[in-house]
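Letters A, B, C and D mark the chains in the order given here, with residues in each chain numbered from 1 onward.
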Amino acid sequence: MSKLSKDTAALLSEGTVKMIIGYEQGTERPRPAFCHTPEDCERLIFNDQCSNNLAVYLTKKEIIGEDKVGVVGNYYVVKTVIQLNLENQINLQNLVLMTVDGDDIITFGSIDEMQQYVDTHEPVPNEKVLAAIEKIDKMSRSERWEYWKSELSKCVRCYACRAACPLCYCNRCVTEVNCPQWIEPWASPLSNMEWQINRIMHMSGRCVGCGECAAACPLELPIGILTKKMGMDIKNTFGGWKDGSVLSTYNVNDKENFIK
Amino acid sequence: MEEKNDNIFEPRIIAFVCNWCTYAGADLTGTSRIKYSTNVEIVRFPCTGRIDFMLLLKAFAGGADGIIISGCHPNDCHYTSGNFHARRRWMVFRDMLDFMGIDIERIRWSWVSAAEGAKWADVVNDTVSKIREMGPYTEYKKAAKFLEEEKIIHE
Amino acid sequence: MKLGFYPGCSLNGTAREYNESVKALAPVFGIELVEIDDWNCCGASAAHAVNRDLSLALPARTLALAEKQGFDEIVVPCAACFNRLAVAQYELNKDELLKKSVEKSIDMTFNNDIKILNVVQFIDKYIKDKIIEKISHKFEHQVACYYGCLLVRPHKIIGFDRVEDPTSLDELMQLIGATTIDWGFKTECCGASLSIARTDLVAKLSCNIVKDAADRGAEAIIVACPMCHSNLDMRRPQIDEYVGKKISTPVIYITQAIGLAVGITPEKLGLQRHFVKVNTL
Amino acid sequence: MSKIGVFICHCGENISATVDCERVAKSASEMEGVAFATDYKYMCSDPGQSLIKNAIREHHLDGVVVGSCSPRMHEPTFRRACSEAGLNPYLCEIANLREHVSWVHEKGEATTLKAIDIVKGVVEKVRRNKPLNAIEVPITKKALVIGGGIAGIQASLDIANCGQKVILIEKGPSIGGHMSQLSETFPTLDCSQCILTPRMVEVAQHPNITLYTYAELDKLDGFIGNFKATIRLKAKSVDYNKCTGCGLCTTKCPQKKIPSEFNEGLGLRTAIFTPFPQAVPNKPAIDKEHCNYYQKGKCKVCQKFCPTGAIEYDKPDEFITEDIGAVIVTTGFNVLKTDFFPEYGYGKYKDVITGLQFERLASASGPTLGEIRRPSDGQIPKKIVFISCCGSRDPAKGIPYCSKICCMYTAKHAMLYQHKVHDGESTIFYMDVRAGGKNYEEFVRRAVEEDHVNYVRGRVARVYEKNGKLIVKGVDTLLSAKPVEIEADMVVLATAGVANKGAEELAQKMHISYDPYHFFAEAHPKLKPVETNTAGIFLAGACQSPKDIPETVASASGAAVKAVSLLSQPTLVREPIIAVVNRCAPPMFSTCVGCFMCETICPYNAIEHEEIKDRRTGKVIKTVAKINPGLCQGCGTCVSFCRSKSIDIQGYTNEEMFAEVTALLNK
């Protein structure tokens, strides 16, 4: 029985936590696992394939309830937890956050520890995404427009991207606001585009870059590029921003070149 | 605006301005009787910080060929920091629109103070002639039209 | 420790001893001064009054060369040269277009971020802390430190020392055992830019300086600028004439003073080259 | 189905000259939701207004659009008219057809069409407008005045005399401020103390004024009309209820060699001291830094001699909290000191002093009893040089501004000197003489013509000492235009007026803004000179910028009136243009998810946390944002930031703005 399973099982049997959320082997790739008993923990695994951002469950009361839970997540889960905490969405008292680094299991005692881990373990950016961004950057403006219009007109507005995103936790999404009807609820190129623009703007400075939105898209639309690109832009313009609140703060010396 | 005459295109431009600087500045343009073209219609907001980015998209969808956004100069904001927040928002927003191929050249950002009546006139005329050259924002309008057809199907 | 070195014309002519003393001092503190290859005139005292572009292009070329030769710091002992180089660097960093046009005329591009040190800054940065342990002959004399007009100016550019009442030289001299007098002519003009045209005025201006120093019992005047030196030293006969009595207070470079303190021979420091003999020391 | 009334004003010919008003009215009448539309020559005139009122009554209008001049002009007028006719004023909006149409466009089709568009946009907005009621906030009827200089004294007295309660706090042991240090005041040369001390006494005795000396503001919470001030009462080590102010202790204290702050270091005081004879309160306090007991742990002489046993050594600082309606900041200024002028030898040469020190020398209550004697050897200086603009107007020294008062007091100093030392010779080096003000220029002329003060226009390069004399080395830039050297016995520097130490810190405590030199910033340089950007906090005196006494007193009275006009209202009425976080039915309670990223957006710290609790168990179900209507100024930045659109701003709601924009475009 793996160290991971042992440790997590212990947490349950000691009663420290009521549930462990981790990864287990699915048919094709690992999938989220919810362990309520020490035995369940034997199913837990952790490897590079474990991509789901488990933090998405931390804002869902119907899943975690009021009890203390343990999470064995990847880099992005840790990063997300930091952001969620900043946004007052989780109670750290009710969370045991763990990750696996080689053979040993790291349990985070504080936000600082998480931050430190995040700062030191940045994963290599997804080459495919970078390439795609470069390709689009090279296009002419109207080519870009046509590209996104045709891509996004496929969208069926299932909102899987929203559901998969751990930071899309609003009780009422802007798409459900109907006075005024900011975004037409049905699928159409423009409203699909408007939805994505809203998503990106709402993510700006907050997105942790886990790419779950893209992974979740049933039509495999390249929406992961958008968030990634936005993240890169923000890094370039505002430097390495930390607290994830780029749009809710400002700097008197922000430099732009378009306000004349 | 309707076509004044068939061979020149008269763009329709919406201006989103803050109440304290640019709106007052536009008033000053009036009181100093400085003439500018009729293509721009002004919408008053308390502060540039209040201007929702969705309203820009809605303006384009509604058929605007250009947009002007203007407020108090940095450090002059009536609410001390509204324009700073707005500036940041536009910096991010603009990059993303451009990446998605939306024509940011059709959006004119400016700071016009309550004392810059003449500048307001320049900003307007300048934008109008620029947009006139660029021609109507058909591609966006088309997308919007497409939306209308969709509507019909849905009803 | 390797630093770029820009002597400028004076240090090869009227101020040889300055050159020698700087070169003699550096190695004692494990510093190698490497002369910038193919350096050119800084345009001091004339160019900036006549042609702005030229007055910027001349120093710019030297700066660009230094950069190409891989220096990130250069030492410029001559206060006038230092001033020109520093000003040029500042002006060009302020104005992109100007920089472009100058780069065109010197037909070199450069980042213009090299650090320029005048002699006092150089000593402050690389020598000051080590002086104490190296002192062999305490410099126990009463001296007047004379800064002249250029050494700490323009303040907004070099931001070093107090512009109206500098103290850096005094501190250094006290460090090697000297007592420095409080006097009124620290930063008075010696008449440098008229040193050819109106020697009579130079005599008058320099006279005030030398006289006050002597009256207050200074055994030597300490300088860090070849212009100042040549006026206070070489013009001494006219000065004496002006005062109506012979003043034998010698004028020596800060580098010479420190050199003596750390036991370098007067010859190496070129003390014998002065017009006003330095035997009193 | 709404019933909007549209009223198009010709504004005489101002609008109708280029806009076809009848046509605008006509097409307005065809707009959706418009029940009545008409045009009239002067809508703002009485008949015009009654036209609107009648229409409201007759057609039961539920919204009004007036196409006229800019809302900045007549919005209040027309809104009043509406409410007089029983329509909520906030259901009335202006379509700006003059400044934004008729005055900026030529006559023609396009112009009229634009006018119609604009009216259409506003109609669509008004259709969605909600009736709003002005916000009423309670007011605590008490003012806090910070700083007991002449500004604070004046402000406190003015407020108190209006029958309002005032708390005056002063960080020093006595009120009086810089003015109490002055000898005689320009341009009348009347003795400063003679005109000041009566007011100081009045403050001490006024039933409406509570005076705390040795007190500092520790914290300021709350908002206009409802501040909560925490005040630190520093321990005086003397029980003022027992102390009779006999002063025996001050004569017995063994520590006699402490430089007196009041005398700018030119005089000495004891460790237990009253700063000056006319001090208010006229009771001593112990300066712990210099007291033997506090420093070495033994002495207690004062306690031994105190006839009433008022000395209480080991008493800690106290903190009191007061509810406050309005705050007036009058913390004053200071003058540059120490080695800011090495070239002038301040600190190096005893006889180089600041203007404030000269005041003490010239003051009858000063260390020399009003005789001008130089600090070094007590000799009477026969030659004296005054240098104006020491620091001021000197960007190299980091002070580009003009300190304003120096020209006048330097002239005064020279005069006083001439009056006291008849065979003396005084010289003033100046850049310009700025004597704007009633009888000021005349005063300066008097200095020149009657008292033969020698004015030299030029800067001083340096002051140095040569065989017992101070050599002032400067330049005379006028006729002669050559360097000058003057041998002086004493040099007086008119050093720049600067913000008080800790001004920045205080400003941050109160959330008021300040300029790069740490002077407090007024809300508007011309039209709101005594207000700050924080409602309910006012400024007066030299804490804004160097000011002379008349100006200071004037601004103090101004600030006092502002404070009183606030305190004298039953409640505070504010435009209801404020942001609101929505509330809805359980289980959601509000669409706000409580991410509180809007907190950092709000310039007024108006966003608060509200815990929604379960009625029975009291358990917190959800924490959501709540906007404090007293603090919110209605910028709406939070509104456009909120991702879930849970915040909206009254008067500019998302729905209203959305409607206006789409209406402008739809043809």
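Rule of thumb we're sticking to: a residue touches a chain if its C-beta (ideal position, glycine included) is under 8 Å from a C-beta of that chain, and two chains touch if they have at least 3 such contacts.
Treat the numbers as computed from the prediction; the structure is a model and nothing was measured.
Novice: Name the chain pair with more contacting C-beta pairs, choosing from C-D and A-B.
Specialist: Counting C-beta pairs in contact, A-B comes out ahead.
Novice: Measuring centre to centre with C-alpha atoms, which chain is farthest from subunit A?
Specialist: C
Novice: Can you give the whole-Å distance between the Cα centres of subunit A and subunit C?
Specialist: So the centroids are 62 Å from each other.
Novice: Where the centres are mean C-alpha positions, what is the separation of subunit C from subunit D, in Å?
Specialist: The computed centroid separation for subunit C versus subunit D comes out at 50 Å.
Novice: In whole angstrom, what separates the CA-based centres of subunit B and subunit D?
Specialist: 37
Novice: By the touch rule stated above, which residues of subunit D touch at least two different other chains?
Specialist: In subunit D, 601, 641, 654, 658 touch at least two other chains.
Novice: Going by the touch rule set out above, which residues of subunit A reach two or more other chains?
Specialist: 182, 247-249
Novice: Got the subunit C residues that touch at least 2 other chains?
Specialist: Not one residue in subunit C touches at least two other chains.
Novice: Which pairs of chains touch each other?
Specialist: Pairs of chains that touch one another: A-B, A-D, B-D, C-D.
Novice: So in the complex, which bits of subunit A are touching subunit B?
Specialist: 136-137, 139, 141-149, 182-184, 186, 188-191, 193-194, 196-198, 200-201, 204-205, 226, 229-230, 233-234, 237-238, 246-252, 254, 256, 258-260
Novice: Enumerate the contact residues on subunit A facing subunit D in the complex.
Specialist: 87-89, 169-174, 177, 179-180, 182, 202, 245, 247-249
Novice: Could you list, by residue number, the parts of subunit D that touch subunit C in their complex?
Specialist: By the definition above, subunit D touches subunit C via 341-343, 348, 396, 461-462, 464-466, 471, 473.
Novice: Quick one: in the complex, what on subunit C touches subunit D?
Specialist: 155-156, 162-165, 167, 182-184, 187, 212
Novice: Over in the complex, which subunit D residues touch subunit A? Could you list them?
Specialist: 588, 591, 593-601, 623, 641, 643-646, 654-655, 658-659
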